[in-house]
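Okay, so subunit A shows up in both of these, paired with subunit B first and subunit C after.
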Partner chain A sequence: MKRKSMTVGSRGALRSVALLATVGLVLAGCSSSDTASETEAEATATQSETTEAAAEEEVDTSPIKVGVLTDLTGAFGIVGQSNQAVAQFTIDEINANGGILGRPVELVIVDSASDPAVGAQVASKLVNEDQVDVVIGGVASNMREAIKDIIATRGNTPYIWPASYEGNECTPNVWNVGAVPNQQVDPVVNRLLAEGKKTFFLTGNDYLYPRSVLAQVRKVVEAGGGEVVGEEYVPLDITDTSTLVSKVLASNADVLFEIIVLPATAPFIQGVVDGGFEGEIVGTLFDEAINGIIGTQADGLLGIQDYFATIDDTFSRDKVAEFAAAYPDEAGLFSATFNAPAWYRGLYLWKTAVEAAGTTDAAEVEKTMDSASYDALIGGPASMVPGTRHAQLTMYLGQMNADGSVTIIESLGSVVPEQCG
Partner chain B sequence: MDASLTRSIFDVLSVTSILVLLVMGMAVIVGMMKVFNLCQGEFVLLGALTAYLTYEIFGSVLLGILLAPIMVGAFGLLLERTVIHRFYANPQGALLATFAVGLIIREGLRTTMSTQASPVPAPISSSWVIFGATLPVWRIVIMAVTVALLIVAAVILIKTSVGLRVRATLNNPELASASGVSRKWMYAWTYATGSALAGFAGAMIVPLQTLYPNLGFDNLITMFIAVMVGGLGSFAAPVVGAVAIAVPGSIMSILINPVTAQILIVLCAIVFMRLRPNGLLKSGM
Partner chain C sequence: MVIKGRNAAAIAIIVAIAAASPFIFIFGNDYITGTLTRILILGLLVLSVELAWGQTGMFTLGQAVFFGVGAYSAAVVAKDYGITDVIAILSVAGFAGLIIGLLIGAFLFTGRRVSELYVALFTLALAYAAQRLATSWSAIGAANGIPGIPFPTLFGLKLDSGPILFYLALVVFAIFFFICLWVVNSQFGLTMNAIRDDEERAEFFGYRRQTIQVLVFTGTAGLAAVGGGLFAITEGFVSPSLLGIALSTSAVLWVVLGGKGTFLGPLLALAILQILDRRMQDAFPQFWPIAIGGLLLITIVFLPKGIMSIPQVLRERKSQRVLRHSAPIREDIQ
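Then we have the complex of A and B:
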């Protein structure tokens, strides 16, 4: 595994003359690494045996560096604020319990400003200048695409992608700890089919995530004997959703499965609800936050997430209460759609992997993270499914209420991701 | 008539009336004054923001709808006297300057807003059931208001002496000022009127589109296409242009899908402008 990623890394570096400067920085880090810490050696060490031997001989108490890359400003600024607070909360907790491998953990936080070009720059800084041991972050998939090669491939540093997303991210050193389409879609669609709801209208914005999720919905609906009576995509910059609303109403479908993102979410759902739609409205982006966006028309929406504030789990409730006490300004930002449970989960799964490996060395963590598992997590236990780079998660089906709370309809248990296999 | 056909016809009328309402301010500034005003979308945004703020502070969207034309009109007047009037002889400069003003407003709001989008409720949230179709009353109000505003604008421009002076100044500034019309203030007030109309439109439509920083910008492209298709030099041409793209646009949205409709409309507009560079109407009132 290590040899493989090393080869990819050097090929990537040779591809472009512009990268010569970066290579220089990495080499500089390498020459100083044998005296400082094993962490710096991981990027370019040619003989891991030497490093491991050195680590065993002397007790290392230098801090482990966790790179946090998120959108603190720009369109996703609010999500980034939540991510930063959750990361800080998690690391404070880990440090209070003795750190990792007896070493303290420190955060290096960078702002990717909701702009993949900025993300690429700060990702490079984390890996090459700060020489972090792991990077966690990214809000939207275009950010992940912009930074993953810099971190995981060329930087040979573990990268945790903590978001529910469209799937198919199978790059070495990249670990996906959020839900993928089948984890959100399969349980709820099968449940609705079993309830006798057979006709589905699918709609979303015209980009990868909605199309991937709705492709999964179509697959499960058709396999289960249901029928897709309409499938319609709208541009991301749509200003008037009235014609789409009319199509949904005309379909008389039993279920509307929708992934219309902001800013059209509220006008669309309000239009459908006020227009008298009688079926169920289901989405992968609904949680406690949706009331603030849609208002009272959010009453009755069905959402599938890896966490809701009302799940019947004492550990989750206590932890989130601790978080709210520690970060009163961000207390309302601990939600599934802001990836808060996934950030907590990702950091603990990585901690488990590092402890199993006995080192932060990327090649060793690549082996142990493959089957990392942890129970004391917000939302419930999670484990990486070996060979898939994705996590098996506990999922919940919740119904939104007019007052902003969520009633848990069903705890769906642990759902296996269908990925990279 | 069945419910689904009723809804389709209603959608076409609704989409068209919204675009006409949005374009009216632009018809004054771009159509009549020929200032390529790239911050026109942000005037709409400021109107929407006014409605949002009066709703948040006083609990009334209606108050915002009344205040929006005054606030945005005053802002337009200030902008004309400080920035825009310097660029009448320099259209490229005006393009850049108005783009910059729009950028400042848009990004300023983005950094101030704590959420990506904030809903604003319609002042009238009820629906009417017509031929079995449930139709939101607010959209009907917008249709009525748009028609009323068009009539008022036409009467002012054609029948009143103010309208005569405006048309005279815009058609022949030298002759108008020789006849005793203050060119400076005529331009300033015309620009302010265009701003006020855009602000009013923004406050009217924000319940249907939610408040978000790109609200104006996302509408701007369609508004500009409407003006280009309709033609410059008059108030009527951009309005006709708005109808000419909104009707087929919404029909294609219904019959095909919104993504394809958006592409086809732009494509048709480009072909049309190549064939008829001066637009549908060459000159008018």
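Then we have the complex of A and C:
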């Protein structure tokens, strides 16, 4: 036994050295290709430095690299697939119209696999290996938290966060182009209070986003003379919502404000509606994509988004029709909750900022992006509010219908985000 | 003699990595450096699974729980208490892992004899529960985890660049790698193997099976937690997935692919998969996870002892061809 393990041991040593050599070779292979691209980059850098003063008309035609980081696989895979299609659609459109600063734009797409640890890895690849000029992406807030330092702080690269979220993201180089709680909450709550609906029941899943949004709801309700008669949080992966449904029904509240995410959304709403709840039901996650899942009980739900398919805006309708023709598989998923309008908006706002700066340099874009503004966007014009890192958005109050469509009750116009002030 | 052979291999590895690293820093970039750092850190998790399962027969499907406990305690200490000294942080992380490991190990192994399957299911459930807890506990960031963990310091010096963090990980890895080798080659290691091979017989010989199992389980928890602490301070963030089922089973996968019962095989499998993984995942996002699953199946069926047994299998196949032996190959290996 002992002799045998001895031979295995020393052979193991030999074997390990041989295997290590192989790994070394693989690594060397990787690095040599990197060296090539790096020296190339250095060469262009020195070249541009020397020629800058002499010949200003000499145009840089190397492609601008846009890093797309989204969850192509895993729990949010369906959202990521939609995000990727929207990014591709937007960049194709930008390239067809002459690119940015006369340079073509190319996408570098990576999969964060719905796992922040993977996201951190691929974010580092985008910034350090591909050396992209900007990164856009992330589906859930935990992804943003994991990647923002790697991209924006350690990597000094602009990062566009294209999702409605809980707010308070004020890191330099990070640009928030989705809606924040006050944009999705204040108009609808104030409207309901004005209609004489004073008692509110708040419920959501137990994580940061619902808690932050519902805190904003409570603030507005109490400031407007209303009363919160119940506040309940349930685990993220809850499927049996019957207890929660009975609490809501027993409260007899005038308004139910809910942020219950999939897969429990449908059973919860169905339970409340079928149980005879008479008040209004409001949420930040209602739109065409979610209505289809809820079914006929979606009839009458209220939601505020930065885009609905039925908004009275021919530009948006034409663009979405173009998208549907180009990506028939993703056509039904061009929706606010899938962040589709925010991706389109984020890329165009960044394009505007780069054109204003005349360069993709992060420090220059940091200045121009601060007040970037663009009108021809899906869902309506948007502009960054200087000093806040957040976007002023055109918001719509919609009422869901039994067939999944949305009736626009009110165009709320441009709503200012209350952030990073 | 045995110790010398194995230690020579270990020293060869560490020296080779250290010698190769300057070239990587010169020709590579922070992404490559970061990937290598991550391999060393996950290497500690792999070592802990190998010690618990490969050497002692405790099939743990929840080792990431301790990795995560280490990561979260390091994150809290560094961010909320402002302690950035790397030795202090890793001590806290390791100690947290030891305590949790001792509690769970004592509950699991004392007073009864448990089957390998029972341990697997228990630890799997533990990983699920731990991830759920972290996802909904708002004091530790709930689903968002803890981002923006400051860079570590050593004697007041800030360790804030990729290569420096790499060397930090290399030193920590080397220390624990040698400790693992020392333990396995000691009398205690032989006892661990005896329990793995036949619990009942080991008990008949008078070994305190329960005590040894609890000790090893606790030790591996501490080891995984040090890895987690290192992860937190080098990557700068922690999230609930660090203590979940996915990472736990990945660690087991690396051990299976590499060859249970060896240290080098699992570490090599980890390194190869980590280097391949990101490139393949981006090139074939839909196909790659299936390919990994297929690879695992093929390995279990044709190479039950992992990639480390490839030379052995080839050798035996050759000798069989010479002898025109008709017995199936795998009987010979056993």
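Just so we're on the same page, the second predicted complex is superposed on the first by the 362 of 421 C-alpha atoms of A that agree within 3 Å, B and C clash if a C-alpha of one lies under 4 Å from a C-alpha of the other, contacts with A are read in each partner's own complex, and residues count from 1 in each chain.
Keep in mind that, in the parts below, a residue touches a chain if its C-beta (ideal position, glycine included) is under 8 Å from a C-beta of that chain, and two chains touch if they have at least 3 such contacts.
Since the structure is predicted, the reported quantities are computational estimates derived from the model, not experimental observations.
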item: A:Gly226 touches, of subunit B and subunit C: first, second, both or neither?; value: neither
item: First, second, both or neither for A:Gly303, with subunit B first and subunit C second; value: neither
item: Touching partner for A:Pro235 - first (subunit B), second (subunit C), both, neither; value: both
item: Subunit C versus subunit B, contacts on subunit A by residue; value: C
item: Which superposed partner A:Leu208 touches (first subunit B, second subunit C, both, neither); value: second
item: Subunit B versus subunit C as contact partner of A:Pro172, first or second or both or neither; value: neither
item: Partner chain in contact with A:Pro162 - subunit B first, subunit C second, else both or neither; value: neither
item: Touching partner for A:Asp115 - first (subunit B), second (subunit C), both, neither; value: second
item: Which superposed partner A:Pro417 touches (first subunit B, second subunit C, both, neither); value: neither
item: Partner chain(s) touched by A:Leu72 [first = subunit B, second = subunit C, both, neither]; value: second
item: Touching both subunit C and subunit B, counted on subunit A across the two superposed complexes; value: 73, 206, 235, 237
item: Subunit A to subunit B touching residues, read off their complex; value: 73-76, 78, 206, 232-235, 237-240, 242-244, 246-247, 249-250, 262-267, 270-271, 274-276, 292-295
item: Contact set on subunit C toward subunit A in their complex; value: 1-2, 4-6, 8-9, 12-13, 16, 20, 23-24, 27-32, 34-35, 38, 132, 135-136, 138, 141-145, 147-148, 235-237, 239-242, 246-247, 262, 264, 268, 271-272, 275, 278, 281-282, 285-286, 289, 308, 311
item: Interfacial residue positions of subunit A with respect to subunit C in the complex; value: 2, 5-6, 8-13, 15-17, 19-20, 23-24, 26-28, 30-32, 34-35, 38, 72-73, 109-111, 113, 115-118, 120-122, 124-125, 127-129, 140-142, 145-146, 148-150, 154, 206-208, 211, 235-237
item: Complex interface listing, subunit B residues touching subunit A; value: 3-4, 7-8, 11, 14-15, 18, 110-111, 114-117, 119, 121, 125, 127, 133-134, 136, 139, 208-210, 212, 214-215, 218-219, 222, 250, 253-254, 257-259, 262
